[in-house]
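One chain, chain A, links the two complexes that follow: it is found with chain B in the first and with chain C in the second.
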Partner chain A sequence: MTASILDGIVLGFQFGLLAAGLTLVYGLGGVLHLAYGQMAVISAMVVLFTLDAGVPVVPAVGIGLIAGGLLGLILDLTILRPVYRLQGEARVLLSLLLTLGVAFVVDGFLNWRYPLVGLSLHVGGGPVELLGVPMRRGSLVASGVTLASFLMLFGFLRGTALGRAVRSVIEDEEGARLVGIDPRRMLRIILVMSGVLAAIVAVTRSMVAPVTVTAGFSITVFALIVTVVGGLGSVSGALLAGIILGVVNSIAASYIGTFLSLIILLAAAALTIVLRPAGLLGVRE
Partner chain B sequence: MLDVRGLSAGYQGNDVVHDVSIHVDDGEAVMIIGSNGAGKTTLFRAMCGLLASSAGEVSFQGNDLTGMATHQLVRLGLGFVPAERHLFPRMTVKEHLALGAYPGRPDSDTMNVVLDVFPRLAERRSQRAGTMSGGEQQMLAMARALMARPRLLVLDEPTTGLAPKLAHEAYEALDAMRREGLTILVAEQQVPLAMAFSDRGYVLEDGVISIEGTSEALAADPRVRGAYLGIA
Partner chain C sequence: MTGRFSKATGTSVIGGAEQHPSRSMRTVFLLVALVGALLALVPLWLGSSRVMMGVAVLGLAFACYVIAFNLIFGSTGQLFLCVGALAGIGGYGGAILADTVGVPVAVAIALATVGASLTGGLLSWIAVRRSLGVIFTGIVTLIFSLTFENLLLGLGTLTGGESGFLISAGAGTFIRGQIPPYYLMLAMVLSFVIVHGLLRRSHFGWAFRALRDDEVAAELAGVDVARYRVYAAMIGAAMLGLAGATYAFAEGRISPTTFGFAQLDVTVIVMLAFGGIGTLFGPVLGAATFTFLDEVLIDFGRLRLVAYGTLIIALFLWMPRGVIPTVGDLFRRRRNRRQPGSSRGHSTSGPADDPPPLASTEP
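This part shows the complex of A and B:
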């Protein structure tokens, strides 16, 4: 049981970080980013090919993170341009359709060109004992990196003028305009950040299990579920929901079966919508 | 300072305000009065770039504002406090004041002046806007706009939803800001308050400026007395 819970927390940090990126993009700009998992996969492939080219791990990961950020920027400058011209529901729908299109194209290309390729980063050394459970070093390093990323994200949002500006757009876009903030610029910054977050998740995930070219959609689906449970626009909600769902997923997988764990996660999300439509820490409209 | 010429604007191709021309000179306090639905909010939103205008020009201190985005005019020195206030519900008073000075840092002189005008905000620095009363929220909206050190402050019905005592307090705060040298344009339904406060005024009826003049002249005008002051 302890082992399942610890595994679940490790997974939960990653779920949380995934959802943080998605929830910020949605909360800030009403853009539902369904190519999010593909951004993570492309970043993982960039790390893989950089490693294959003989570059050491740390700079290769750095290049992967930059690639993630660039992907966000490219999306902002190209496919999302027509989306920004729309408002409200139309914006959500068009962003959903266009990013879904991107996701299909990326998935199709990767499957055709690089089938059966996956990134696995091996963290050396034997298992480390934690609460009487032997934990793989990879899991611990992954959790450390994910938590550090969360702390940096919170620090940015709470402690910097730019982070405050980002939050103000989530709170009230017109209010933000009235204090001289350009919401478009904030959204661009957040899309770049979400790309970097997706890359961090891809890299840390690969320390625990291989990230394959086909992982994109399942990453997006997990991120969506966690986002809904955590509350749209809430980063702390994403972390909390990530941990809860990570533990639920891991216990369900070891006691009921992996095939049912996704259904149990979906049920948890559906239950949240019924009981708390705004999510755990979301704001009620 | 502000010059609006022949402005027409509305929603979905239907103009709500037609060919409106108003001006505000440096140091003045000017009011726009009119009943609910006369187009005061539409006029202000079009002036401030929150709504596209279908005709006309707006210039502010020699800058042509037509087609300019709201966040740009704020940086030129035009502050706008909308009737719905548009505060950030989960953010604290302190954060609002810091954001008001965006992208610069809030300087302590401005902060002191603002907290002098709104002493209650000083006591509630760590309170979230969403948990404040209507009167406090109005004060916070004004304080946030002042942190940008605007030259002209435009307020849309600052007394909306306020009890009479708080409405008075809001205008006392506006008086204090005037003494600091701020130019003010205010739209108001509570005409007596605005009239005592302002130098000049315009009457907006069905989207058209029907009467204009000094506040004394308007107060004496039988049409204004009948329709807006409740004196037959």
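This part shows the complex of A and C:
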């Protein structure tokens, strides 16, 4: 039991960080970013090719994170421009369709050019005992990095002027504009940040299981589900939902079997949305 | 701020992408006859090739799916991302009933249709009761799709798992022939178009147009939006179940990819967006175009997905309302220029206005 809960928490941190990027982009800009998983995959591929070129791990990961941020910037400057001209649900829908197109292009290209390629980072050393359960060192390092990223994200959003400006736009876009905050600039910052977050998730995931070129779609779907369960626009909700769904998933997996565990996970998500459409920590007007 | 997206009955932009029925029903029947006559000629051209007829039947099945999705999403603003799952309930339900239980094929198809219809109605009822907006309806139905796909893989003894199974019921009858399934499917497509056309002229169509024009006024006037939404979902889901089941028997083989989200739902969305959301004939045009394109692009293999993605992006950037409304606008603008002052009465925004994407200004 303890083992599956710990496994679930490890998984949950990743779910949570995955959802954090998506939830910020949605909460801030009303953009449903369906190429999110593909951004993670591209970053993973950048890390892989940099490693293959003989660059040591740490700088390679750094280059991967920069690539993720750049991808966010490119999206913001190109495909999302017409999206920003719309409002409300029309904006969500157009962003959804355009980023779906981007996801296809990326998936199709990667599958064609680099089929069967995957990134897996091996963290050396044997298992570490935690609460009487032997844990893989890779999982622990991944969780540490994820948790540190979360702390930095919270620190940014609550402790810095820029982060507070971002949150003010999520709270009330008109009000933020009135006090001189440019929502468009905040959105650009958040898109770059979401790219970096996607890259971090790709790197930490690859310490536990390989990140393959075809993983993009399932990453996006998981991020979407966790985001909605946690409440759109709420970073702490994303973390909470990630941990809950991660624990549900791994307990179900070890007691019932992997096939039903996914269905239980999906049912739990659907139930949360139906019972509480605003999500766990979302605010409903 | 969150209210911007959680607006429960916010059909103002997306759900209202429906034309006013400026065409009379007689014109619709005439157009249906024309399209039907045109498509009825296809077997003369491709009839000798079993493979090509299979492609054509698949294209017609897609036309059915797109019409149903258009009825649910385009007319009533419910983003059902479970087109494949509902069609799969029809396909798998029918095949399992006929093969494992031993029910006659026609009865199996009918039961599967009812099953799909009830499922669609239930999903819509949940969405309406819980006031889920467009996006949340989309996500709940997406979760339903994923659950359905996983059930297909998990219940391997019943569904044959990943490889599916061959349907033995119906073998040797006309439904497994080379040409007859094509005409069966064609009849289905045409009758679906007529059903959609009739629905738009009924109370149902007026209710949703009233809702788009002025939501508050419509609700004050007593338009029961919730009930019409559930009805639309039930009718659309019945279409999906019927088309899915018929296609499964015509094909004689069924697997999760026949009704997979990535294979079916995504294609349906692209086809509808191409043809024009809310139009009567857009679904047929979209399905025909992309079935043809798919055959042309088949040599590109894996790069086909890249082509699809590029096309989606280009389409939504330059023709966000689809081909039929865009071409219709061009046509009308030219006519208006030739006959100044003769622009038709009830157009709220003139054709010369630059309409926002996804919103319909179709008179």
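Convention: the second predicted complex is superposed on the first by the 285 of 285 C-alpha atoms of A that agree within 3 Å, B and C clash if a C-alpha of one lies under 4 Å from a C-alpha of the other, contacts with A are read in each partner's own complex, and residues count from 1 in each chain.
Following the convention adopted for this analysis, contacts are C-beta pairs under 8 Å (C-beta built on N, C-alpha and C of every residue); 3 or more make two chains touch, one makes a residue touch a chain.
Just so you know, these numbers come straight off a predicted model, no measurement behind them.
After superposition onto chain A, the partners chain B and chain C occupy separate space and fit alongside each other. Contacts of A:172 after superposition: both chain B and chain C are touched. Residue contacts after overlaying the shared chain place A:88 against chain C, while chain B stays out of touching range. With both structures placed on the common chain, the touch criterion links A:251 to neither chain B nor chain C.
Between chain B and chain C, more residues of chain A are touched by C. In the superposition on chain A, A:181 makes contact with chain B only, not with chain C.
When the two structures are aligned on the shared chain, A:164 is found in touch with chain B, with no touch to chain C.
In the superposed model, A:57 lies in contact with neither chain B nor chain C.
In the superposition on chain A, A:74 makes contact with neither chain B nor chain C. Between chain B and chain C, the shortest distance over C-alpha atoms in the superposed arrangement works out to 9 Å.
With the contact threshold set out at the top, residues 171-172, 283 of chain A are in contact with chain B in one structure and with chain C in the other. Remark: chain A residues 161, 164-165, 167-168, 171-172, 174-183, 283 touch chain B in the complex. The touching residues of chain A, counted against chain C in their complex, run 27, 30, 32, 79, 82, 86-90, 92-94, 97-98, 100-109, 111-112, 115, 170-173, 217, 221, 224-225, 228, 232-233, 259-260, 262-263, 266-267, 269-270, 273-274, 277-278, 282-285. Every residue of chain B that touches chain A in the complex is listed here, in rising order: 50, 69-72, 74-75, 79-82, 85-91, 95, 98-100, 102-103, 105, 144-145, 148.
In the complex of the two chains, the chain C residues touching chain A come out as 1-7, 10, 13-14, 126, 130-136, 139-140, 142-144, 146-147, 150-151, 153-154, 262, 266, 269, 273, 301-313, 316-317, 320, 356-359.
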